Amino acid sequence: MLRHINQFASPKNFYALSCKLVHYFGGACLLLFVAGVFGGLLFSPPDYQQGESVRIIYVHVPSAWMSLFVYIVMAGAGTIGLIWRIKIMDVIARSSAPLGASFTFLALATGSLWGKPMWGAWWVWDARLTSELILLFLYLGYIALQSAIEDPRMAARAGAILALIGIINIPIIHFSVEWWSTLHQGPTVSKLDAPSIHIDMLIPLLLMALAYMCYFISAVLMRARCDLLALERNSAWVGELIGERSR
Amino acid sequence: MNRKRRNVVFAVCFIVAGMTIATTLALKAFRENLLYFYSPSQVQAGKAPQSRPFRIGGLVEEKSVVRNPDNLTVQFVLTDTMQTVTVVYDGILPDLFREGKGVVANGKLRSDGVFEAFEVLAKHDENYMPPEVADALAAANKPITVNSVVKPE
Amino acid sequence: MKSNLLDVFMTILKRDLSLGLSRSSEIANPLIFFFIVVMIFPFALGPESNLLQRIMPGVIWIAVLLSATLSLDMMFRSDFEDGSLELMLLSRYPMTLLIMAKITAHWLLTGAPLILASIFLGVLLNLPVESLLYLFITMMLGTPVLSMVGSAVMALTVGLRGGGVLLALLILPLYIPVLIFSIAAIDNAILGLPITGEIYILGALLVLAITLAPFATSTSLRIRFG
Amino acid sequence: MYENTSAVLEAVRLKCVRGERLIFENVGFQLCSGEVLQIDGPNGSGKTSLLRILCGLAVAEEGEVNWKGRSINDDLAEYVREVNYIGHNNGIKSELTPLENLVVARSLMSSNREFSLMEALAQMNLSDIADIPVRKLSSGQCRRVALSRLLISQARLWILDEPFTTLDDNGRHLVQDLIATHARKGGNAVIVTHESLNLPEVILNKLTL
Amino acid sequence: MLPEIQEFFHMGGYAFYVWSSYGLCFIVLVLNIIIPLCREKVIIRSIAIQVHRKQQK
Amino acid sequence: MKSNLLDVFMTILKRDLSLGLSRSSEIANPLIFFFIVVMIFPFALGPESNLLQRIMPGVIWIAVLLSATLSLDMMFRSDFEDGSLELMLLSRYPMTLLIMAKITAHWLLTGAPLILASIFLGVLLNLPVESLLYLFITMMLGTPVLSMVGSAVMALTVGLRGGGVLLALLILPLYIPVLIFSIAAIDNAILGLPITGEIYILGALLVLAITLAPFATSTSLRIRFG
Amino acid sequence: MYENTSAVLEAVRLKCVRGERLIFENVGFQLCSGEVLQIDGPNGSGKTSLLRILCGLAVAEEGEVNWKGRSINDDLAEYVREVNYIGHNNGIKSELTPLENLVVARSLMSSNREFSLMEALAQMNLSDIADIPVRKLSSGQCRRVALSRLLISQARLWILDEPFTTLDDNGRHLVQDLIATHARKGGNAVIVTHESLNLPEVILNKLTL
């Protein structure tokens, strides 16, 4: 079984597969983005309280969700790589980090841009915002650690440990609005009972969320491909691949 | 092998015990209040600091907002449906500042019990809907679901 | 076997303590760094005593944080460089045990003196008695967490170039919760508010660190050598 | 105690990759009780890397190492008790004296009580400087302190990486005698060195990388 | 027609906040595509050189 | 001979720059440390914006000081450990020349980015424009002094155990004058008072450092090897 | 160019004290142009200390070192141009590649232009790894990088502290050839090593501490 997975996850096969997947997900991502942005900017109604500024929701919420999701992916892939020694997983974990950092940055930036007109402040030190900022630091620390350790295998394993230590932060971010009285609002969509958002706004929001997800998958695969090429530059299959291409 | 297994069992027990204690403590902590802001009830009960700035949160009472026509000074009453606190503020209010909606004010308690704010933040709820729907709901006299600011003790 | 474990714990503890004491600069330096950081603030901010009183507990905690971070270096670096760590990894005792001994030694050599120094400075700076008391309590709960989280992260970065600053970068975000809750506790205490919540959280962090740090550290060390 | 015919330490088709470069592959050997293996080879051929794999500090890309018929990774903790590794680095603290260093080393390993620590130091010609911090010793003296761990260890397998560097002639003889005695008692040793070993009455295998 | 477009860009007075949010997202997301593409090109070129060298030998 | 001197200056400068750039963490880490130290203050002191505005220029300067101190380590330590310093001492060029090249490289790798980062953070934290302007000017004058004084002290402590903190200890008192005058300049500028006096003093310190530091450094290095 | 009879390098009644201990005293020798001096002695006898005195990094307690008849302390800067010292430490940066290391080394010393740097590396068998950061090399490979400084230097006096450590046989031969060639051209070398040197057609003096 394990051998089977390993073979499937051999760098060569993965490279070929990822080339295809990038195309599919890239295409889907583009379509969804167009639909979501048009839906969000043109077709969705303004909010009864927030007016037009509510349109920031279509970029803020997906970014924020992805910032958490990517961290889980990073820690999960890292752990799998750590335990079963699957190279591909290490590469995926490592390539997720810059994307996760970008999403976190976007969540912080769009949140601030939304907070200024709505709350009246760019920034407050409440639990949600603070823990999200710590998430950004965690991503940056992970990236710094990766670049500081030479040996890729060792870097991947060390990174996995760091990611696992930091994962405590994820539930804190998610539940902070319930545990503490924050300025940030409580859950809207992710409530278990009916979401308290009108369907006309929910649809573009979900479209955008899907678009972000497809974007993440294709972007992470692209990065992983680069890393793989660099890692395996001396192996036979890379030589053949490049040799064919340059001819 | 035996010794190895014993070590593993020992380690697992250790970790499980530790995690249990830690979560118990954390849960206990959440039952206490780790406040980002105080409610009017707490302020009236004297639980808020007297000499230094703190945050207070609640709903703006209907029809309590008084604007000074000469300058930007505003006065309004904050409530958590049990107790109230009067707030004065000199500055531009955020867009979401409405009567009946939640705000968080940052400032000091004066000796006369009036809260002098140097910052007013609007706390909004988690409901999103088009204005027409909100009007329709209002017409049907359905309350828009509970506002999360109000957590009476 | 049991007494043997205790024996080796004590040997390592003694070794690290006597190493620390023999290079006395290793204890003295974080302390002096701490004093300097705290003393720099009146210079930088001018002698407005209200302002200083207001921010000093925070500044003291930050200084403790920074100097604890700097002193972490001594926990593993020299052992890594001269090959002693390999020896420990190849020893007949579980690495976690040796690491607990090293963490204890580190706390005794840096955490404890820093607590005393903070109290001393607090008295010098005329902080109110509650501040001092809760400074002490939060530090008793907080500084061991610093040593433990520090050891786990240190194990990851030991032997890397630019390790000192990389370490600071990785570790400070993990320290921030300790800092926030400690300072909240002190502030509330001064105002006569209840602080049980913060103290519980600090306690939870401490227990969590005690449970996880030795394992995280030994795993990281194995990885660094792998 | 152990049959001489069955291999105690066995390496099977080891492969080592560092960074992206293949260092060696298909390396294997067998050592029976009482045998010594000398590893030689040009600089950069992977001798140090091989030793680190043998003592469990690093993991081979492929292949495995067996100790008494079982893979060492089955119970690494058990295996390392039987190993005494002295690498390029001496593993001694420069602030402590040779004696203090030995105290710590003994508490970490399965030691034999045959020697007192002072006797061990005396045998390495270090008794004069047993109380001087190692930092003040010359490079050869430091190497001797590290090697005196051999005297107090009960480990069955010695793994030595260029043990003779910076030793003088007297030191070389001393260490060779130690190895020979250890082997004659049924122990094993894996030694990287470019010099020719002189171990009377001992089966000496050679491996060239 | 024109006033409608103007109104759209005006965003009920929140133009700055809305458009800079979307703009930031666009920039960051596009950068995250472009950077790996460039890197891939560089890597492939360097590997090609390496392969070429090997073939000459 | 002249052009030869320039040649060797450029070689060393290039060497140090490419060393710094090749381990990119060595530039990035002090910067991130700097950011974190500055960001920690709002955590520790609470969100009172008046208070923060008041102390932020001082905090930024202190953070620059601390991260410059930490980054000094990279100036000589690795050269000391791998024997490159002996090689330089035995080279056919005057040691002072080589040291000037090293100091320049260090400033380019740490001082300059820190200045940019301070300005950036200042903008983020809504500091008034005068604060920013004078933050910039004082830093342009002050950070080279830090690199130079740092090199002299670093040369004395290189290779000592616990060097990092010992260094901080020796160096921070020397930095304090720079700090005091810079902050005085900024404060005065905000209040609209003349600041030429402070700027002159900072200039004088800079010139003094340029004149003395290379000689002090090379002498200290010779002593460390003697 | 220089008369063979007058000593180029001369040490007179040197005395060395480290800490409080007397390491050696009354050590002296003379080297004429083209002669090589091998220093040997038990561990801790002060060989490294002597070398550091000879190249001006340390100062002797008593006695003096003369170069071409003048004390080296008269004009240390002038003297060190003629010296090429390779100590226990390699003096190479682990982040740079061997080639980059040599570029820096050449700019610091009086180099001869006989060799291009790549040729020098090739002669030390390092051309394959000329572009790999030194940190990824084995100990022997690092030693070779340091020793390749000998090839590009114009210095007349080579001072080498245990140059053969961790070198393989091929490396030992290479370095001995280098020394012999240097001496035959009239250069001098002072070498600490426990091995016996094989330098055809060269006058080899020995000093035992």
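Letters A, B, C, D, E, F and G mark the chains as written, and numbering starts fresh at 1 in each.
Going forward, contacts are C-beta pairs under 8 Å (C-beta built on N, C-alpha and C of every residue); 3 or more make two chains touch, one makes a residue touch a chain.
Because the structure is a prediction, the values reported are computed rather than measured.
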item	value
Most widely separated chain from chain G, with each centre as the mean of CA atoms	B
Which of A-F and A-C has more C-beta pairs touching across its chains	A-C
Separation of chain D from chain G, taking each centre as the mean of its C-alpha atoms, in whole Å	31
Inter-centroid spacing, chain G versus chain C (mean Cα positions, whole Å)	47
CA centroid of chain D to CA centroid of chain E, Å	56
Distance from chain E to chain B - Cα centre to Cα centre, in angstrom	40
Multi-partner residues of chain G (each touching 2 or more other chains)	88, 95, 136
Residues within chain B bordering two or more other chains	7, 30, 34, 119
Residues of chain E touching at least two other chains	none
Interface residues, chain A side, partner chain F - complex	124-125, 130, 133, 137, 140, 144, 147-148
Chain A-touching residues of chain D, taken from the complex the two chains share	18-21
Contact set on chain A toward chain B in their complex	45-51, 53-54, 57, 117-121, 124, 126-127, 179-183, 185-188, 191, 196-198, 200-201
Sites on chain G touched by chain D in the complex	18-19, 40-44, 46, 48, 88, 129, 136-141, 143-144, 162, 165-172, 194
Contact set on chain E toward chain A in their complex	8, 11-14, 17-18, 20-22, 24-25, 28-29, 32-33, 36-37, 39-40, 43-44, 46-48, 50-52, 54-55
